[in-house]
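Before I ask anything, let me first share the structure, which is written out below as structure tokens.
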Amino acid sequence: MLTITRRATFAAAHRLYRSDWNDARNEAVFGRCANPGGHGHNYVLEVTVGGDLDPETGMIADLKWVKEVMDRHVIDHVDHRNLNADVEILHGVIPTAENLARVFWHRLVGPISEQARLVRVRVQETENNSATYEEP
Amino acid sequence: MLTITRRATFAAAHRLYRSDWNDARNEAVFGRCANPGGHGHNYVLEVTVGGDLDPETGMIADLKWVKEVMDRHVIDHVDHRNLNADVEILHGVIPTAENLARVFWHRLVGPISEQARLVRVRVQETENNSATYEEP
Amino acid sequence: MLTITRRATFAAAHRLYRSDWNDARNEAVFGRCANPGGHGHNYVLEVTVGGDLDPETGMIADLKWVKEVMDRHVIDHVDHRNLNADVEILHGVIPTAENLARVFWHRLVGPISEQARLVRVRVQETENNSATYEEP
Amino acid sequence: MLTITRRATFAAAHRLYRSDWNDARNEAVFGRCANPGGHGHNYVLEVTVGGDLDPETGMIADLKWVKEVMDRHVIDHVDHRNLNADVEILHGVIPTAENLARVFWHRLVGPISEQARLVRVRVQETENNSATYEEP
Amino acid sequence: MLTITRRATFAAAHRLYRSDWNDARNEAVFGRCANPGGHGHNYVLEVTVGGDLDPETGMIADLKWVKEVMDRHVIDHVDHRNLNADVEILHGVIPTAENLARVFWHRLVGPISEQARLVRVRVQETENNSATYEEP
Amino acid sequence: MLTITRRATFAAAHRLYRSDWNDARNEAVFGRCANPGGHGHNYVLEVTVGGDLDPETGMIADLKWVKEVMDRHVIDHVDHRNLNADVEILHGVIPTAENLARVFWHRLVGPISEQARLVRVRVQETENNSATYEEP
């Protein structure tokens, strides 16, 4: 199986909390990630795409096109934004790394399927934490 | 000249804007960094300390002590915080990388001088951007 | 499939050799890794955990809890230790990267299963070498 | 399943184009990667090998031997070379990351099978782009 | 002294040789870097700029403007190019890391001086090699 | 001022303690770095060399020669060794990062001066700790 992976970055603010919980419960579950003013990360998004090798071009899909799909469907919506307040595609979603990976997968799987197959979406939050969504 | 450098990280939200400017002027000067909801970064703080080598220990200063000074005077104030709203040591300061380096220098220069000499404070905002404050 | 990965580091000394072999055979098989005084590494441990997304928290498992499990069952036993001499959980084991990945998997699979499912344990020894243990 | 991964680097020039296409078509498909003088990369090659743990040595295969196989069958052919002009093992192949991963897999699968099983070949072209060839 | 540093990357081919030397002498001096087909690198360019902090903006200079100057005067000329054949600003220059740092400094020092002061230009060729040009 | 920097790595065991101190005092000063069995690191050594640009070659000094000097005078003595027990050039020296930088400087300054000028020696012990020795 042959895949290509494209990496992109975005900077965003987020806060982990539920408005239907009180502060004590939010802090018990989410710790300092529930601090009222929020915090933020330099996120890394890695998208892995599989498919047949086009014998004429030696490519599965043009990596520039993969980047454009990532920009149009994910990065342009989240970069330099507050993930809790400003991002329609995350409305009603607690912006954990897991949820970002899951939402971004569903944003990308359709557009990528026009030329290839989406295999994996990885969202790295810090040098120590990441979440990955893969096809079943 | 012999120095040691200690690296630490913190995650914070920030927004570049002035409340005495209107939105158009903030956007003209600060671009998307002025987006109302703010964004955030995984900041890297590197503190460089010089001094004489203690012949008994082979150390300029204990790196664990340097880390404790960094935690107590900087990291504990900014980690998982909103640099515009929640951080007393940055009150009234536009949280650019330059200002962070400058403010952190002045927070650290006294405490570090108890055992050594502060030589350089570097604040990395993204993999592409950083600011450095050095002694004259 | 959704997973989260937590990274941690530890510094340890090790030596690859068998006491039931003579020096020449140890050197023939293990090369300079058999040097009598041993050497060491900054190891990186990456633990990948899968499971269902808790709809209330948006998390598979709390990454802080994953880190605590890693600390209690692995890191606290090996960090700043000599893997040949000081580490009970590695008693009788040649401390290759492969064996570390295998032993750490068996240390972690039970505790992690209390809240999620252990998917992968990766041990990086140097920037060029690593070993990975995955579920069958 | 237990695997080990070995990383190596090489520096090479390449150009993406087909001599049976005119310049306009080459540029339309390959963009600036078709620039006539070519360009280049610091490539990273990661080779993952699986197998049974030898109970006597605690190893799947000697990582030094894996490195020698990588050098003899891949690195020595491509390092400090022009992938379009100078490399016999890439003759007639458009040197995309996908094709490099595929060709290197077929170069390595035989020699590695003498002691273990080739599981994955990953070729990283830049910090943002990579291709991976895995066993079916 | 306060400085900011901006990092950018470019991919280029190069070859170290002199046309007024024969092959044997080129190979004796430049080794495999003189291979006829050339090779290439993912270069990293880091530009450090100093100046007074503008009290109104908290910035020495807008990092986006620094990036634009880097793009217009350096990156656009060298990215995805052959440094020996295609780059007018390197005409007649052996493209060593030292010469790149020196030439890029002289390209940038004028434009940067419109708003700040150029302090350092660093060109990284591989993860092991770099050259730096600093003000006297 | 023009400089080049060469990076190399070595893996070594070390322990911070003084045999003329008892265990309690060693632990009070050196903490877990005094653990009896020792621990280890993947060290990174960066050597910076300055000088005039040779107009014929475009080089300050051949980076391959710098690497050979580093190997012969430092790396070959410390790689895959125990810095307390096996390394003559560190005899009687507590192997702190500071002392390594200082000793390596004095090992390298003579040999480098045959073709250039030693400017800086940096020893990185972990991703968070390093020491640097520079010319006065």
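Structural remarks
Going in written order, the chains are labelled A, B, C, D, E and F, and every chain counts its residues from 1.
In this section, a residue touches a chain if its C-beta (ideal position, glycine included) is under 8 Å from a C-beta of that chain, and two chains touch if they have at least 3 such contacts.
It should be emphasised that the depicted structure is a prediction, and the values quoted were computed from it without experimental measurement.
With contact taken as defined at the outset, chain B and chain D are each touched by A, E.
In terms of C-beta pairs in contact, D-E outnumbers the other of C-D and D-E.
Note: centroid distance chain B to chain C, computed from Cα atoms, is 33 Å.
Averaging C-alpha coordinates per chain places the centre of chain E 28 Å away from that of chain F. Remark: chain C and chain E have CA centroids separated by 41 Å (rounded to whole angstrom).
Touching two or more other chains at once are residues 127 of chain B. Chain pairs that touch, as defined above: A-B, A-C, A-D, B-E, B-F, C-D, C-F, D-E, E-F. Put simply, chain E touches chain F in their complex at residues 16, 18, 29-31, 93-99, 101-102, 127-136. The part of chain D that touches chain E in the complex is made up of residues 9, 11-14, 32-33, 35-42, 79-82, 84-86, 126-127.
Chain A makes touch with chain D in their complex at residues 1-8, 48, 53, 56-60, 62-64, 67.
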